[in-house]
Structure formats: C-alpha cells, structure tokens
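Taking it in order: structure first as structure tokens, then the write-up.
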Amino acid sequence: MDFTLSPRAADLLERVRTFVADEVTPVEPEAHRRILAAREAGGDSWTPDPVIAELQGKAREQGLWNLFLPAEHAGRYAADFGTDGGAGLSNVDYAPLAEAMGGSMLAPLVFNCNAPDTGNMEVLLRYGTEEQKEQWLEPLLRGEIRSAFCMTEPEVASSDATNMAATAQIEGDEVVVNGRKWFSTGVGNPDCKILVFMGLTDPEADRHSRHTMVLVPRDAPGVRVERMLNTMGYYDEPLGHGEVTFDDVRVPASNILLGLGRAFEIAQGRLGPGRVHHCMRAIGLAERALELACRRASSRTAFGKPLANLGGNRERIADARIAINRSRLLVLHAAWLLDESQRAGAMSIEALSAVSEIKVEVPTMALGVIDMAIQLHGGAGMTDDFPLAGAWVGARSLRLADGPDEVHRNVVAKIELGRHAAARA
Amino acid sequence: MDFTLSPRAADLLERVRTFVADEVTPVEPEAHRRILAAREAGGDSWTPDPVIAELQGKAREQGLWNLFLPAEHAGRYAADFGTDGGAGLSNVDYAPLAEAMGGSMLAPLVFNCNAPDTGNMEVLLRYGTEEQKEQWLEPLLRGEIRSAFCMTEPEVASSDATNMAATAQIEGDEVVVNGRKWFSTGVGNPDCKILVFMGLTDPEADRHSRHTMVLVPRDAPGVRVERMLNTMGYYDEPLGHGEVTFDDVRVPASNILLGLGRAFEIAQGRLGPGRVHHCMRAIGLAERALELACRRASSRTAFGKPLANLGGNRERIADARIAINRSRLLVLHAAWLLDESQRAGAMSIEALSAVSEIKVEVPTMALGVIDMAIQLHGGAGMTDDFPLAGAWVGARSLRLADGPDEVHRNVVAKIELGRHAAARA
Amino acid sequence: MDFTLSPRAADLLERVRTFVADEVTPVEPEAHRRILAAREAGGDSWTPDPVIAELQGKAREQGLWNLFLPAEHAGRYAADFGTDGGAGLSNVDYAPLAEAMGGSMLAPLVFNCNAPDTGNMEVLLRYGTEEQKEQWLEPLLRGEIRSAFCMTEPEVASSDATNMAATAQIEGDEVVVNGRKWFSTGVGNPDCKILVFMGLTDPEADRHSRHTMVLVPRDAPGVRVERMLNTMGYYDEPLGHGEVTFDDVRVPASNILLGLGRAFEIAQGRLGPGRVHHCMRAIGLAERALELACRRASSRTAFGKPLANLGGNRERIADARIAINRSRLLVLHAAWLLDESQRAGAMSIEALSAVSEIKVEVPTMALGVIDMAIQLHGGAGMTDDFPLAGAWVGARSLRLADGPDEVHRNVVAKIELGRHAAARA
Amino acid sequence: MDFTLSPRAADLLERVRTFVADEVTPVEPEAHRRILAAREAGGDSWTPDPVIAELQGKAREQGLWNLFLPAEHAGRYAADFGTDGGAGLSNVDYAPLAEAMGGSMLAPLVFNCNAPDTGNMEVLLRYGTEEQKEQWLEPLLRGEIRSAFCMTEPEVASSDATNMAATAQIEGDEVVVNGRKWFSTGVGNPDCKILVFMGLTDPEADRHSRHTMVLVPRDAPGVRVERMLNTMGYYDEPLGHGEVTFDDVRVPASNILLGLGRAFEIAQGRLGPGRVHHCMRAIGLAERALELACRRASSRTAFGKPLANLGGNRERIADARIAINRSRLLVLHAAWLLDESQRAGAMSIEALSAVSEIKVEVPTMALGVIDMAIQLHGGAGMTDDFPLAGAWVGARSLRLADGPDEVHRNVVAKIELGRHAAARA
C-alpha cells in the first residue's frame, strides 16, 4: 500500500496548484463581481469574462490542458490538444488535480476540465464515430466550443432515468427529437454548440434499452432555451442550467451515439469518472472553506478572544479536517478501483459500489464543512464577499445531480446485501 | 396545563390562515416572478409590488393589522391603527399568528407584522418620547413608512455587540453619527424613512453602557446605502439588507432613544418578543415545506412507486413532523414565559434561557425540514419554482441574525451551570 | 394556553421530588452495590432489597402511592389503596410525577408506579372482570404482588405484533397456552405472581383479531423461566427480563381478558399512557444526567480549567438543556391530547400520532444527553459508580421496547401523509 | 498511489481470516457463555478459558503469533518467538490483520496481539534494558505472562495526563510507588505479572517531565487490586479493568523505564501504533456488526417483508458500508504516515494529526454501525446472544481510553490552525 502520488501526478499537482494560486484565485473575486454587476444592471452576464480565455491560453501554453483526458485516449489527442506531451493520467492521478481546481469556481473552465464538457468529451472519445469526433470532440478539446447534457426533465422524477419521457424517434434516416429538458448545464454559454440529448425511442423495450442518446446541435431548428434556472439564487454563469424545449427537432441518424436504445450503457460509462471528478472538486471546495474558516477564526475577535478560542470552534475545525481527509481517501480509493476495473477490462462490483459511496459521502461532507465556515464568518459568509455561499449551493446541488443520494444509497445497499447473501450461499 | 388557544387567538388564527390561504398564497408566485424578472432585466425590483398595498388594505379592513402589538400598549393604538378593536395579544396568543404568516414570504408585510419594523415599533412604544412616537411610530403603525435597524458592522465580529465601532457622539445639542453598518434589513425599500442606529458613545464606560441608540432619518445628509447585499443569491426584495455608511451625520440629541449609553438595555427588551416572532415564522416555513414534501412524495413516481414509499422517505417525513411539533411547543412555552415575566414585571431567568433556547433550536430544525423537502423535490427544489430554496436561505440567515447559535448556546449553558452551582451551594 | 401545573399536581410533584431527594437517592447507590455484590458472589440478587419495602411503606403513608391510577378509576380504589384520598390524576398532571420518579432506578417501584405493573393494572382496571380484579388487581394495587407482560418472542420479528406465534387455544372451558416469550419484564421478581400473556388463537381471523390475552398465574404448571436476560450486561434486578416457556399450560377460560381475539384492542389501550410514563421517566433520567454533567464539569479540572470551560462542553450542556425542554413539552402535549381523547370518549388522530412521536423523540434525546454526561465523566461514567451507564442502557432499550422507532415513525408518517391527502381531496 | 496489500500481508491476512473464521468464531459463543455462567454462579470467571491456550498453541504453530511486532525489532525476536520466520510488518501491513482479529473478542488474545500487552511489549522493546527485556518482554512474547498499564486515576481528570497524582519517588536505589490507579486493563487475569506504572516524580519540573514510568511486579508488597470495574455491565474477562492501590510499594531503581521524568516520551511512542491497532480492531467490530445486520435484515420478516425492505433500513446499511470504508482508509493512511515517520526517523506533524484524527473518527463510526445492527436485531441485539451489545460497549470505551475525543480534536485543530497561520506568515 502506498499513498504517494506518481512523480508525474505530483509534478502536475504542484503546477496546477501554483497556477490556481497565482493566476486564478487573485482574479476570481473581480470576475465574479463583474458577473453580478452585469446581472444587476440587466446586462449580459453570460458571455464569458475575457479573463477566462486569457487564462485558458496560459494554461494551455503550460501544458495544463485537458488533464482529465484518460490514459487510453491520450495517445491520440495529447499531442494535438496539449495534454503535456503524451500519456493521459489514471483516475487516481487525475483526482488530486480535480481537487486543486475545485476550490475555485473558475479554474475547471480555465483548464478545460469542467463539467459537463469533460463527461461529454469522454462520451465522444469512447462512443463517437470518427465523424462525430472530428466535428464535436476536437473543437471541445481545443476549448473552442462548449457542450451541454440534456437528460433531466421537469415533469418526471428524474432520479429514475427510465422515467425520461422526451422522445428520440427514427423517421427514415433522421432522428426526431421532442420534449422538455431542464438542468441542462452549460447551455447558457454562448459558445455552447452541441447538446447530448437522451430520449425515449422504444417504450416497449426492456427497461434499460428504451432510450437513445443523440447529438443535437444547439442551433438546430426547434431547440429553444426557455429560461435559465437559478439554484438558490445562483445562475452559475458562464455555464448555467437551462430549461430547453425540443420541438420536432430533426437531426441525421448519424448523430446517434453508440446505437438505438443504448443510452444507459453510455450513461454508465460516462458517470463513473465524472462522479470522481465532481467529488474531488467538492473536496477542493471544502478545503478552501476550511482554510477561510481557519483564517477568520484566527483573525477576528469576540468576547476578548480570537474566535478560534471560543466554545466549540476548535472542535468544529478538527471535525472538518477529519471529514475532508476521510472523504478524500474514499474518493482516491474509488478512483483506483475504477483504474483497476479499466485495467481488468470490466467494471468491478467494488468500483460500482465505490462510485455510489463517494456520491453519497462527499457532497454532504462538503456541505458540513462549508456551513461551518459560513457560520464562522457571520453574515459575511452568506454574501458573495466570500466564495462560501456559492460553494454551499454548488455542493447542495451535487446531492441531486448525477443521481440523488437516495438512489446511490440504494446501489450501495443492494451490493452489500448481495455480498452477504452470496457469502451465506 | 392547557394547550388550548384563547378564543380570541383561535378566532384570529382562523382568520389569518384563511386570509393567507385565500389572498396571499395564490398571488405570491406571480409577485415573486415579477421581482425576479425585474431583477434579471436590470429594472427596479425594489419598489414594492402593488399587490402588497392592495392586500394590506384588505387585511386592515378585516382587523388583521398590527396583531403583534403587545397588550400593554394596544389600548392606546388599537383603535386608531386597526388592531381588531382593542386589546393586544399576549406573546403566547400572538405566536401562532406569526407561524401562520411565516409560511409565506409576503404575509408578514401584508399584516404589518414584519421584521424589522415590529421590533422597531416595539422600541418606540416602550422607549420613545411622545414626539418620537408621533413622528415615527404612528406612520409605521399605519404602514405608511418602513424602518431599518442598523447594528451589525462588517469590520468586527458583531456576535459580540460590545464590539460595535461606529460612533454616536454628542456635540452640543446634536448627535454625530459615523461608521459603516451592514445587514441593515429593510433599507432597500423606498418607503424606508427611519433607521435605528446603534453606536459607540463612551469607550471608557462599562462594557454594556458604551453604546447609544439613535433615530436617524434615512434622508439625513451623510447617510448612504453603499450596496444591497444578497444572501446566497437572494436580495429579499422589497426589504433587503443594505450596507450603509454614515459620514458625519448630524441629528438632534432628541433623537436619542432612552438615553446615552443605554443601547443594550433597549436591545435586550427589543429582542425577546422579536426572537419569538422570528422562530414562529420559521416554524411556519417548516410547516409549509413539510406540506410541499408530502404532496411531492404522494404525487411523483419513481421505480414504480410513489416517492413516499421509497427508502427512508416516510421516516424523514415522520422526523420532520416530530421536529416541528417539539420546536413549536418550545417556542410557545418561551412566549408564555415572556408573558409571565411581563406579568411579574421582570424578566425571569427561565424566560431568558428560553429565548436563547428557541433561537438555537428552531432555525436548525427548520433547515432540516426544508432541506428534506428540497431533496424530495429534486432539482426543482433548488429553483424558485418552489419557495423552498428561499425558505432555506431565510432559515440559514436566522442562525446568524439576532445573535449566532454559539452566543445563545453560551447563554443557555451559563444559566444551566449557574442553576446547579446554586443548588449545591 | 397555560403551562402551569394544577395545584394538586404541583403539590404532589413537590412532595414526590422531596421524597425522592430525601429518601430514595441517598440509599440508591448502596442498594445497587448490594445487588452487584450478590450477583458477583453468585448469591441471590433477585429478592428485592429490604429498603424497597421500607420506602414503599413510607410512600404509602404519605399518600404517594399508585399515583398513576387514572382519574376515571381512582374513585373506587383511591381510598382503599392509598392514592391520596381520592381523585386520580389526568395524564398531563401525572406526567411530571413520572419524570420526578424516573431519575431514580428505585423510585418507580417505591411509589408502586413501575412498568410493567402500571400497564397491567390499567388493563385489569379497564378490561378485567370483577373476579379478575379481586384476585389480581387489588393485590397489585397494594403492592403485595408483581406482574409480568409476556408478548415478545425470540423467534419472530416482534416489532410486528401480528407475528406472535405462541398460542392460546380454547379447549372446553380451558385455555391452553404454548410457546416461548422473552423480554417478559418483571418475571425475575420472586413476588411476580401473574403473567399477562398474548397468544395466537385463530390464525385464519382478520390480522388484528387473531390474538388473545390471557392471565396466566406464574406458578401454573408448564410455566418455566428459562433464563434471565441481560441487556448490555444489566439484569435490572429486582424486576428483570425473562425468557419464559409455556408448555401446555392450562388455565380456566375465565382468565381470558376482554374476549377471544381481542388482544390488539387491549394492547392499544394499554400502551398510550404507558408510553407517556416511559417517556417522562426517560426525561427524568436525562435531567439527572445533565445535573451530574454540570457538577462534573464544574468540579473537575484539566489543562488548568474546569471542564466546563474546555472546548465544546458548554455548547453540549446547552444542547442538552434545549433537548430536554423540548422533549418534555412534546410529552406533556401528548399527555394532554390523551386526556382530551378520554374526555371526548375516543382516541383522536392527533393523540395517536403524538404517542408515536414521543416514543421516537424521547429515548434518542435521552441517549444523547446521557452519553454526553458519560463522556464528561471519563471512564467513571462507564462504571456503576455513577448511574449513567445504567441509564443509557435503559434508554437504549426503550428505542426497542413498546415498538421500535421504525414502527412509530411509520405511524407518524402515515398520519401525516393522510392529513395532506385529505386536505387536497 | 496503490491500495494493494504487500504479498506477505495479503498472505497473512488470508491466513488470519481463515483461522478466525474456522477456529475462533465457532467457539466464541460457548466460551462467552461459560464466563457468564461462572459469573452468575459467583464462580471464577477470571481464569482464562482453556480454549484460549489451545488456540494460542495452534496460532503459534501456524506462525500467526506476535504479528504486531514492528519491523525494526522483529529480526531479533521473530525466530525465537514465532513471528513467521523473520521480518516484522509495517504498520500499514499489520493494520488489516488487526481488523481481522478485531471482529472477535477472543482473537487478539489468541494471536498474542491484544491490548495492553502489545503496547507494553513495544515499550519494553524500545525503552527496556537488556535485563528488563529478559525478565518481562520475553515471557510476554511467549504469551506466558500478561501485563497491565496503570496510568488513569479516579481522583483527577485523566484526560490531562499531567494531572496524574500517584507518585514514583526515588529513595536510595529504590523507587517508592504510592497512589491509586484505575482502568488498569489486564489486571484481572491471573497470569498478569507486571504492571507498567506512571507516577509523579518531580512536581517542580517542566509539565511534561514530571512523571516516570516504572515496572512494578504484580506481586510486589503493597500492590492491591481493590476491585474489578465493569463498563456498562461488562467485565471483559479474562483481562478486565482493575482499580489498584499502591501502598509504599518498593522496587529497585533499575525498574525505571528510560529514565526519571521521561514518562511522556514513552507514552507518546507507545500510543501511536497502539491507536492504529485499537482503531483497526474497532473497524473489525463494525464489519462484524454490519454482517450480522445484513443477515438479520435478510432473514427476518415483518409486515410481510424482509426487514431489509422496510423503511430506511437499506439506507442505514448503505451508510454503514460507506462509514466503514472511509474510516478504514483513514486508519490505513495514518498507519502509512507512521511508517513514513519511522522511515524518516521522526514523527511528522501529519502523522501526529492523523493518529488523533482516527481516534476521533473510528470509535464513533463503529458505535453508529453497531447501534444500527442492534436496532435491526430488536431486543436480541441488547442481549449476549449476539456480540453486538458487548461490541458497542467496547467501542464506547474507546472514545475515552487513550485520550478522550475532546483531547484528540484539540490536537487536530491546533495543527490545522497552525498550518494556516504558517502559510500566511
């Protein structure tokens, strides 16, 4: 057992951290204020702040680009698209980089490592045709365009993905797409050009073979963004979460991903590493919150003492440290199990459980730490003067996105009960 | 022991509930959408929606006005200002009315029972001179103007009120006010005309005799609202929380409340009933959230069952019911202890503890219930399509406003330890 | 709304408290030590300590006897059996007395107010024939004999009472009783003379009409106590929890309670007030634990400070105070709802929910407070030098006895969901 | 990063697991029943059950003996004392073996890997003179004798070790030992021959240089075991926790460990790996509890369904799996940090924090899992028919033993705050 990072990962981690600390964190408050000001003035808060493109250029120059790109595909795209000259990283090596980016709202975008683009790029890498890759994957890898993932629907309990009612039906050599999606993340960005849409194709088929994934260009006739949703008051510019209607949208059948009725297969593959990334970024948020809490606790004084010396504040700081450390190890282990599964060529039951375990554990852990930090900041913690309120909302959303806690708990329990039943048999 | 409401309170409760259900709840979503639209369009989101004045008129006509007005003062103002023909209510009788209003964001305003105006009116009732009452209290009671309370400061840990550094100093027959306040609730409203300001007068005096409360007209030269704060993305129009600077603001010495150095005395008196109101409104929020949760759990289906029949959802609904009921009783008991204290002419130690107990208990309870309801709503729960996200933010703020949990826990513990020490001695 | 105790209840409370403080608490440690010593020496730990009979005599003399006896029956038995000259108490008036007794392990027995005898006496009062009353109720009221309640079985999930598999079958004018029961509380006491047994009579009947309750004398041939169970190492002498087999035990059909197949009817009636008593005693335990915690926190020193001034200890004391207060109010309200139901002649849905609510809320609350007190006592808290470890075990058992938390949560949720469904219809 | 066990550790783990499953678990209930029966009959429950010596013989034959023996010392003792022919294990390699033993109450003793003997052996290995090693270490390694650790005192808050008031004073070439200790674990065993005693030598010295550790033979005149303590009713035979008085006990000065005033130095060294062992054993307990819970949930039926399908039971099983996994990784990481510190020749600040982190995290985690399992077992879970009640008590004690949670939280917080202060400076 060895908890040391590989030399390459350690080097990248150092470089990502430095980049975030030196280049991203200092400009973030101002960039956030510009968005807020634009929104308050009824102006355009959606066009990405110019500082993003500038930082993306620097990151790419330094080889800190597309670092999420998995090992098995890196060979082909690494040289062209800037992933540090070659081999991709394993999940366990990439995970700490995701954490280092996650403490900042801007950083994932700066390194072209933000959701949902990473997940969509992985889908295209794994399941895309050559033509699909050329048309959509390559500009995504270059950061020239953005993408969205259109799955969840307002009218059904989307925690059960088989509930999805929007349709993707074959007519001749076209797919006709109809329905209403929401929480289509990324769709607010003017650069968003391609939507990965999941729709019902054959209601009579087996429960997990009814749905199909289709690539729908953002500008296809019949696609309309009805509104941008806020989550607890946050619009998450410049990506945002949209409610999107598809009204008889027609795209060529060649836009189908993997095949008719194979959406679940894709979703499964897409979500494993994606959940590791989400969780590691959430750990980055929690670390940032703990750092801010420690600073505040040491610098503010009440009742004649630094806050750190009052009541249970130290205990809460200790609990936060413990919670973050244990969660990080759980995610790293899940990442390693995914790597082992990839080496073995098949997802292990341990990896399957682990991915659901982190999805339950990490967001709630992060919420606890961030909430503690907010409390230590007093009213200021609720405002946008600190990144805590926004971080809380992000972590809260993560208890729902990519499967709510309840669904993941059920996966874990099923595997656990099955394991003991098998042991007895 | 008798848990029955007095006939008068029961009658008012029925009428307030009916009014809220029939008049307020139906118009609320649209009113909220108008605010949001105005804000998104960079327009004026601060001028109160016309529906508020309309509803206020109806409420006043029906005698549902200024119901918070305490018994001892009702005699004088009741007839003039519409409190149902006379006698004010005890705290324990008013509390359920506050709950009935609290489930709605608009209702407290509609009944002229919203913070911070109720607290400010109570201060004026108790400590105001005849002149102050005439000038500020009477228009407040008529709902013609609004007020704000300016205590918390960005630069110091305001949980320790003795930290307040803004100054209120006597020069001749004037008070000169300087400093920066924030979370001055109510200051965003164009009708806000008067600020209750707390400032440092004599840094050498005893810790609790250093500060003075002063009435500062909103339009006094030198008063500037620097910005309206959002809390987790919410601006809470049409009241809002402002950051306000006072630059050499001069008001006549007759604007001092109660006397130089007597701010703490006032704050104590102001906050007891105010905390009961806050807590009962938070219970109203929690009830509303539980109702929405039950509806959603019964109406949405996943994995072939209503959500109510999945996993631990029923247990969570039961826990929410238990939590709300026990918290409500704790607040009612605190209200009753305040009434007993008022009857006895002095705040009892039990009442003092009880007010801090509810301040710790209720907001966290409400947060738990609302969070559960959000989770049951999925992504929708995070949006403004339901009042849950806003309710959560309101309850979260309440863990900080009027003294953070930590300060109140300390009050409770001190009394508890003191009681046992006394018993042993 | 009025939280004042009735004068009679207030007087009794004062007298019970004084009796417990002056007579019971001082002799308790020594009595406990004698039991422990007897057990360690393999001697008789089951014969009640002589101090109990002595204290019972004093209590009875002072009219502090059978105080649980409900109002509707007190008339008849009060004079004869010593309940203070007459009228019984309502649930809400008795509840604080149960709390005052509950802080001591001995006290409930001393006042003839201990489970399961109180529940069994209530069953006999309500459902017993004159003959049954004469033979069993009257000696129980005099404290001459003890009883046990035989319901739970080792071989089935007893949380679902319809699972009970032991049989009570009619043969001619006899009932034949067979099966194995456990957690038959009270059966360890040599004075235990009568068992209230619940058995399956008609497996084909409606789910809630299959079982019958039968009075089985302890010395009936075929009754055997197989062993006394410990719960976490505690045997709870002198009552104890037995595993009891019934091997073709024959009793006259006149020993049937209420009628064949009517066990559930009885169980429902028996358990409402019983749960209030259990919960109030648990609150008494929690108060005792908090008192001990405060004493320890004030009297022990570490790192140069009293424990009370270290870390989060004060916060924990405050949380304990809050938790106890809110739970007590919840139980008092449930007691009042039971009283209202009795006045109305039928159990209200509110009362039904409330009884389940307290059964979920109170034991877990008490466990939290007691655990905190144990932690403050260090290793000593785990020993029998303090009553904390035993109190914890008692409260833990209460999360299972009389229906586990899960069953009660389900009752509460069902009522809650039903209420909202009804409101919508 | 690599989570694979070393081949040697994997092989030993497999063998230990098989040994426990095949040899220890099957005989455990009967052994426990014999102890209980002896205790109930007032007989000798302290002489170790013969099955222990028998199993120890088998374990030693199979080379499963003294596996805790650290790498740096194994060379010398391995061959002689049976540690599988040679090299000792790193902490990270031993940890899973401790977990495999921890699920059984007997197993640690069977493998000669039980507290407090392992800790005492490590102390002798590191700090003992050749003579001390020969006299005490070697028979301990052979399992011929047992030891106890006498530190905690009833009269002072022992969480602050500098409080210890028992004395160890030099008189000529003797040390004179006086005072009262308790929770002296192991002292109930008739084979216990040596006590490691910590006493105050120089009250004037620096706070951490006042105390000395002395080897006191169990049979030295003046040593008296006053009583064996129970913790929540458990005596933990055949080791037990004793209250021990030392009345003018005189031993040669050569019995001093390391030197006068150096007790803290020893305690620090002793407790790092010891805490890892404790925590891994607690994880073993939690795994065992989860296994029992899953079995019960699958095999018992209520309300027409297996318990596993009722209410929140699956969620609780999932939460238990998550909690165990994350805690295990935290302990393994702490073990690895200790190994790294040993390789570096100095305890790192990360390792120091990690050891305190696991001490806070693991016992509470285990308590939660075990409590859930108890609840799923109903009343049975509270009895000794299942190992759950005893496991709970063991885990609860661990929140106090070797430093209460509060002390460890303080260590973690101090390091955390210090790290951020350093980063800012």
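Read from first to last, the chains carry the letters A, B, C and D; within each, the first residue is number 1.
We take it that a contact is a pair of C-beta atoms (placed from the backbone, for glycine too) under 8 Å apart; a residue touches a chain by one contact, two chains touch by 3 or more.
Source: prediction; values computed, not measured.
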Common contacts of subunit A and subunit D, by label, are B, C
Greatest centre-to-centre gap (Cα means) from subunit D is with chain B
Averaging C-alpha coordinates per chain, one finds the centres of subunit A and subunit B separated by a number of Å equal to 38
Rounded to the nearest whole Å, what is the centre-to-centre distance of subunit B and subunit D, using the mean of the C-alpha atoms as each centre? 53
Residues of subunit A whose C-beta touches two or more other chains: 311-312, 314-315, 406, 409-410
Treating touching as the only link between chains, describe the layout with one word: line, ring, star, complete or other. complete
Taking the complex as given, what residues does subunit D use to touch subunit C? 39-43, 152, 154, 156-160, 163, 182-183, 229-234, 300-303, 307, 310-313, 374-375, 378-384, 389-390, 392-393, 396-397, 399-401, 404-406, 409-410
Note: in the complex, subunit B contacts subunit C through residues 1-6, 92-93, 290-291, 294-295, 297-298, 308, 314-315, 317-319, 321-322, 325-327, 329-330, 332-333, 336, 353-354, 356-357, 360-361, 406, 408-414, 416-417, 419-421, 424
Within their complex, state which residues of subunit A touch subunit C. 311-312, 314-316
